[in-house]
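By written order: A, B, C, D and E. Residues from 1 in each chain.
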Amino acid sequence: MSEYIIECRGVKKWYGEFQALKGIDFNVKKGEVVVILGPSGSGKSTFIRTINRLEEHQAGEIFVNGIELNNDVRNIAEIRKEIGMVFQQFNLFPHLTVMDNITLAPIWVRKWDKPTAEAKAMELLERVQIPEQADKYPGQLSGGQQQRVAIARALAMEPEIMLFDEPTSALDPEMIKEVLDVMIVLAQTGMTILAVTHEMGFAKTVADRIVFFDYGLIVEENTPDNFFTNPRHDRTKLFLSQILH
Amino acid sequence: MSEYIIECRGVKKWYGEFQALKGIDFNVKKGEVVVILGPSGSGKSTFIRTINRLEEHQAGEIFVNGIELNNDVRNIAEIRKEIGMVFQQFNLFPHLTVMDNITLAPIWVRKWDKPTAEAKAMELLERVQIPEQADKYPGQLSGGQQQRVAIARALAMEPEIMLFDEPTSALDPEMIKEVLDVMIVLAQTGMTILAVTHEMGFAKTVADRIVFFDYGLIVEENTPDNFFTNPRHDRTKLFLSQILH
Amino acid sequence: SQPKVEEVKSNEAAAASTTQEEPAAAPAPAAQATESRLDTVRKRGKLICGGNKNLAGFGVLASDGSFSGFDIDYCRAIAVAIFGKADDSTLEIRPLTASDRPIALQTNEIDVLVRNTTYTLSRDTEWSANFGPTTFYDGQGMMVRKDSGIEKLEDMEGASICVQTGTTTELNLADQMALRGINYTPKVFPDAPSTLAAFQAGNCDGFTTDKSGLISQKQELDDPAAFQILGVTMSKEPLGPAYAHGDDQWADIVDWTVYCTFSAEEFGVTSANVDDIAKTAEDPNIRRMLGVEGELGKGLGLDNDFCANIIREMGNYEEIYNRNLGPDTAFSVPRGLNSLWTDGGLLYSPPFR
Amino acid sequence: MTTATDINTAYEAPPRTEVGVLGWLKHHLFGSWFDTILTILSLGLLYVVLVPSMRWAVTKANWRAITTNILILIHGPYPQTQNYRVFIAIGLLVVMGSVSLFIYRGENVRGRRTMTIIWAVSPFFIWYLLAGFKGSSFLPLIEYSKWGGLLLSFILAIFGILASFPIGVLLALGRQSDMPIIKWMSTVYIEVVRGVPFITVLFMAQVMLPLILPPDVRVAGMFRAMVATALFSAAYLAENVRGGLQAIPRGQYEAADALGLSTFQQMYFIIMPQALRTVIPPIVGQFIGLFKDTSLVAIVGLLDFLNVSQSILSQAGFLGAQKEVYLFAALVYFVFSFAMSSASIRLEKQLGVGQR
Amino acid sequence: MTTATDINTAYEAPPRTEVGVLGWLKHHLFGSWFDTILTILSLGLLYVVLVPSMRWAVTKANWRAITTNILILIHGPYPQTQNYRVFIAIGLLVVMGSVSLFIYRGENVRGRRTMTIIWAVSPFFIWYLLAGFKGSSFLPLIEYSKWGGLLLSFILAIFGILASFPIGVLLALGRQSDMPIIKWMSTVYIEVVRGVPFITVLFMAQVMLPLILPPDVRVAGMFRAMVATALFSAAYLAENVRGGLQAIPRGQYEAADALGLSTFQQMYFIIMPQALRTVIPPIVGQFIGLFKDTSLVAIVGLLDFLNVSQSILSQAGFLGAQKEVYLFAALVYFVFSFAMSSASIRLEKQLGVGQR
């Protein structure tokens, strides 16, 4: 049991009558880096969001750190503390400075005092290489800088797991590189990472495992090498042919 | 004079005290496909937007089809009829159906009657391969579909020139391909195209010329072959090294 | 300082100068001078009379959409004097609040104001208005709860009193209480219903207004028997019609309309017998009044039989009074001062001759 | 682990955690102890408030004050011999309203266009039906001073809404304009009118207008009130519309420019439809306010619904009927305000404001 | 063509097409014939309106009606022997306001915190300063029925604004809530209160309250009016806030959830600051309306500013001074409404609502 930090068994999810997840069995070990691929609408985002309960699953079980995700509000709070999430659209709080964006949750959820939280925030901003932006507002930053702030904000809670939902797809090419660099460093430090991304370079270099979704199911699970050079499933081959144009 | 469909001489543009364009000399022949590259903030968007007067230039001259762009409102209207523009964020009108988005300008600016405009619109929707979406609203379409509607909307005015400002950078990888395919077909039909894009595949295969901007100046102008394999300028080399990771 | 104020006021009303431009204001009095009020009214085809819609017995909007009441009947009488009849085509009642009635007069919105308005010197001057003969002699009274133990004003030390704002009532109250050295708290309200509602709700110990109003409004209370009206009369409240300065012919028409109803009662002419009496009467006073003899009506610019018309349509003073306030109504206000001079009251008409 | 060899594109039906009305009740009203307490408390509150009120309404209240006066409540002093005209107008509107519900839902374009034309023409038709013609014996002239009650309140509110709308939109655009004169004038107008109580405006109109106009030109009080209402409301509307304009992304203007649309076309087809849609709630709130503020026109001597109600209290038979009359008035205002509010929420939903 | 061998990162200065005030005037007021005509027309209008008004105000108007009564206009029947307390309160507020302008602009965190505490405490201080204490000879008790004029209007408006704010926010959240009971209750409250005229509410409070309360409990009219104002305003505020809530992207809620913020923290730190910011214009419009509507409290017998003004008109000596009195009242309302409006526009700019 304790071998896995995330365990999903038969997770199913409906939006109204539409079934977005059809029974996902999927486990992640501590420190693993997993990249999730798949065509648009295949349920990647839905799945990653059920893990920190931004979406409620209606069947199956999800355990994070051994705690089950169910209607118990305390469990949800407990699990969310351990999971950081980075969104495609950054979702920074536009009315707060970068510093306040990062320290808000540590101060009010982790109950750190302000100097501690700010010291931690500065450390993280240095790690994502934008310490000089601490007092700006998100609207004053470029997209790449905003996404790095979002990563720092998630890391400030010192989570054990980081979820990334297409973190670079709203960015310009040069900025993509900035963000990927941060993610790569993060992966190398041993963080458990679950990332939906179409950056094949990232998948090839740092992923321990690649998972391919379609129609709400896991179609293929493979090592990066095998996945790209020797995919097992026809659907995967079709997908790769379109991506690697 | 009539050799060029677009002629720019010493175009300068300030935002307040900040100079975004520092004297651009640049001409485009009818039927040419020009790709504009450059780092973020180098003035690519600003330049392309001065050509249909979304931004006003403060020095220099711009001629489109031999008509000078100046404060004369009639000239501006005349020129805008001949130029179609596709934006990064699509900018479809969310309260109008796809059909109405496309036919609005032909009916009210070109003064076509409705059936003519709708016939033309259907023809274009078939060309961008989404005729079945005519009665939907933009919010009901995927990003790739929206961008194809935006292209159809611009083409419906039967412009002689198409401007693209990073038309694919808000899209998912699979959708990028859909849009690029449409653009490639368009280039092959002999349309004059000016495109800001970081899709190197597009630049390599269909561009007649590549222009590289930095700090509000044209740093390098070259054929695609030479540009990628044998760039003249150091800045270009640096840029290429970051993009082609 | 009084005359000075008056001068300023009357100038202003006459010259009609406001924030608007000066030149446009200048011709206004001239234009008014050329056309008499009577001509204006005739040309318009109807009389516009400022009235009340909220005072039971005096001016009320009835269920059939018409206005009725003692004051409204005088509006009618004036319309009859001019047009020979009073109906929708010859009379329009403009319901007014206490505080906009002077403006309505000054701006010629209305031709005459018959809205339980007390005749005072300052109103006479500062409203740029004149008052006709008093139609109803009222006096301010005080109503209290029977169980309050208050029998006279002197018992009201420290009491709170509900009173309507913008009225002479408010000022009389202050004068009378100051005179007697009584401390009290006035609670003022913008209109009659809210004043009474506050009293009903127990917000004040006393409720003051004209006695006629007290009598009628007492009926509006949930339990009229639990209240009593004190004997004291705190003021003189002569109520009568008012009209703007500047047209004496018009003033005469209004005045003699009122006197017509007084005289008719004095001579025993009623709506029932007016036509017979016109044929048979021998008293020259009556004959002149009814227009059978002489040219009195023509002198006013009216039909010679204007008074006969009034009595035929509206009745004499007694009929008007009884119809609205008399023993058969819910209010049953005793005539008191409003009796003919011959009965010891104050109603006295100058002779028709 | 799981390696599907064939992709399953079939769907299972979603689990039914709640079935039917009872399930819904259980889930929503008694889902937790907190819900349950709330449910019981509010039922209790309803009981405490409603039961005595109903008992009073049925046994004690003297509703004759209302029933006897229902006609003047509806149309004020409008002559009762002619009041079938008012009821024809009401009937017409009801029929048009019901027919519209069908027609505008359907797909019949010709029918919708016809209906729109009918709606556009009907105000003039109804106006002449109500006002009549001088000297006509079939539809004799009814003077404006005779229009009152709900009829008057409606006319004021509807005119106020219809007329303030274009003025408000123009003012909002004016305030955003690049031309400083237009900008200043719009701003001054908006700020001055918003800054002054409606009563004061009405009062000034009452005092000033007769002084400006030649003495024999008389503007009926109703028109004065109509104009004052519209001008007053326009200033508030302008600010609401401005809020909506601020929510339109720049890209919409740019796209319209790039297509070569003129400024007017851009506003009419692109900007305004979106701007107005986002500010439906405040605009409707304002219109409800306008409807209720029509009662202030009493100051120019008009007999609107609330004033007729109040005057009932002075009728000899109903001297003590405050509670009944005020309750009834509140109820009538509520019914119409609520209808407006509901219609607006339906509209909001149809236009998809709430979704994102 | 141009092939820069070295990148020019230097900037030229922008061309100066207009210099100084004259240049600005030329460009903006006389830029085209249309501008020029507009400029001349509006100057003409100003002349036609302002000059005679000023002449009237200076030569004809009888301002003694105002000057003689200035004290009761400010504080109504508050005893004039004690009215230094009112002026101390006003002075205090002015001083606090001016000091705040400096403090809140500066960077001194301690100073700002102190100032905020002073603001929080001041209402209680001022209240006791004005109300006094029973039996005290230094600050004798002044009964609430003696509070009037602008003082009363302000108290009603400020209390109405401060109290309706939290209630309105809660109602808006309630209406968006998932719990049907809370949703219904909020919706019913909002719709009923919005649907009924303020006058009716005040009147009902007047007639009904004494029937509900035990006979010896008397609530001062001022408190009744304060509560009614706040409750009434809250319903409108709720709808405005709901408009703001609808403008918040879902991503903001999700990000807050993902960080583990509680529902309250989420609302307080993330959602509300943004929601309120977008609806500043309608909220301010509503508060201006509230300030002006305070004049309706006359119906429960309170002497607010407008009622004091009107009562001047029944003083012998000033019976005909309508124009002066109403103009002055309009001016006073305008000054304060405009101040609110300007402050809100500054706030909007500071918070960057208009920029995108």
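Just so we're on the same page, a residue touches a chain if its C-beta (ideal position, glycine included) is under 8 Å from a C-beta of that chain, and two chains touch if they have at least 3 such contacts.
A quick note: this is a predicted structure, and the numbers were derived from the prediction, not measured.
Chains touching both chain C and chain D: E.
Steps from chain B to chain D, taking the shortest chain of touch contacts, total 1.
Of all chains, A has its CA centroid at the greatest distance from the CA centroid of chain C. If you compare A-E with A-D, the chain pair joined by more contacting C-beta pairs is A-E. As a whole-number value, the distance joining the C-alpha centres of chain A and chain D reads 49 Å.
Distance from the chain C centre to the chain E centre is 43 Å, each centre being the mean of its Cα atoms. Here the spacing of chain A and chain B, counted between their Cα centres, is 34 Å. The distance from the centre of chain A to the centre of chain C, with each centre set as the mean of the Cα atoms, comes to 85 Å. Touching of two or more other chains is recorded for residues 203, 207, 249, 322-323 of chain E. Across the assembly, chain C contributes residues 17-20, 103, 197, 200 that each touch 2 or more other chains. Contact annotation for chain pairs lists A-B, A-D, A-E, B-D, B-E, C-D, C-E, D-E, with touch applied as defined. Against chain C, in their complex, chain E makes its touches with residues 48-49, 51-53, 55-57, 60, 62, 143, 145, 203, 206-207, 209-210, 215, 221, 298-301, 303, 307, 310-311, 313-320, 322-323, 327. Here chain D touches chain E in the complex through residues 28-29, 35, 38-39, 42, 179-182, 184-185, 191-192, 194-200, 203-204, 207, 236, 239-240, 242-243, 246-247, 249-250, 278-279, 281-282, 285, 288-289, 292, 295, 306, 322-323, 326-327, 329-330, 333-338, 341, 353-354, 356, going by the rule given at the top. Interface residues of chain D facing chain A in the complex, by the touch rule stated above, are 1-5, 7-9, 11-15, 17.
Interface residues of chain B, counted against chain D in their complex, comprise 52-54, 77, 80-81, 83-85, 87, 89, 91-96, 104-105, 108-109, 139, 153-154, 157.
Chain D meets chain B in the complex at residues 249, 251-252, 254-255, 257-262, 265, 269-270, 273-274, 277, 351-352.
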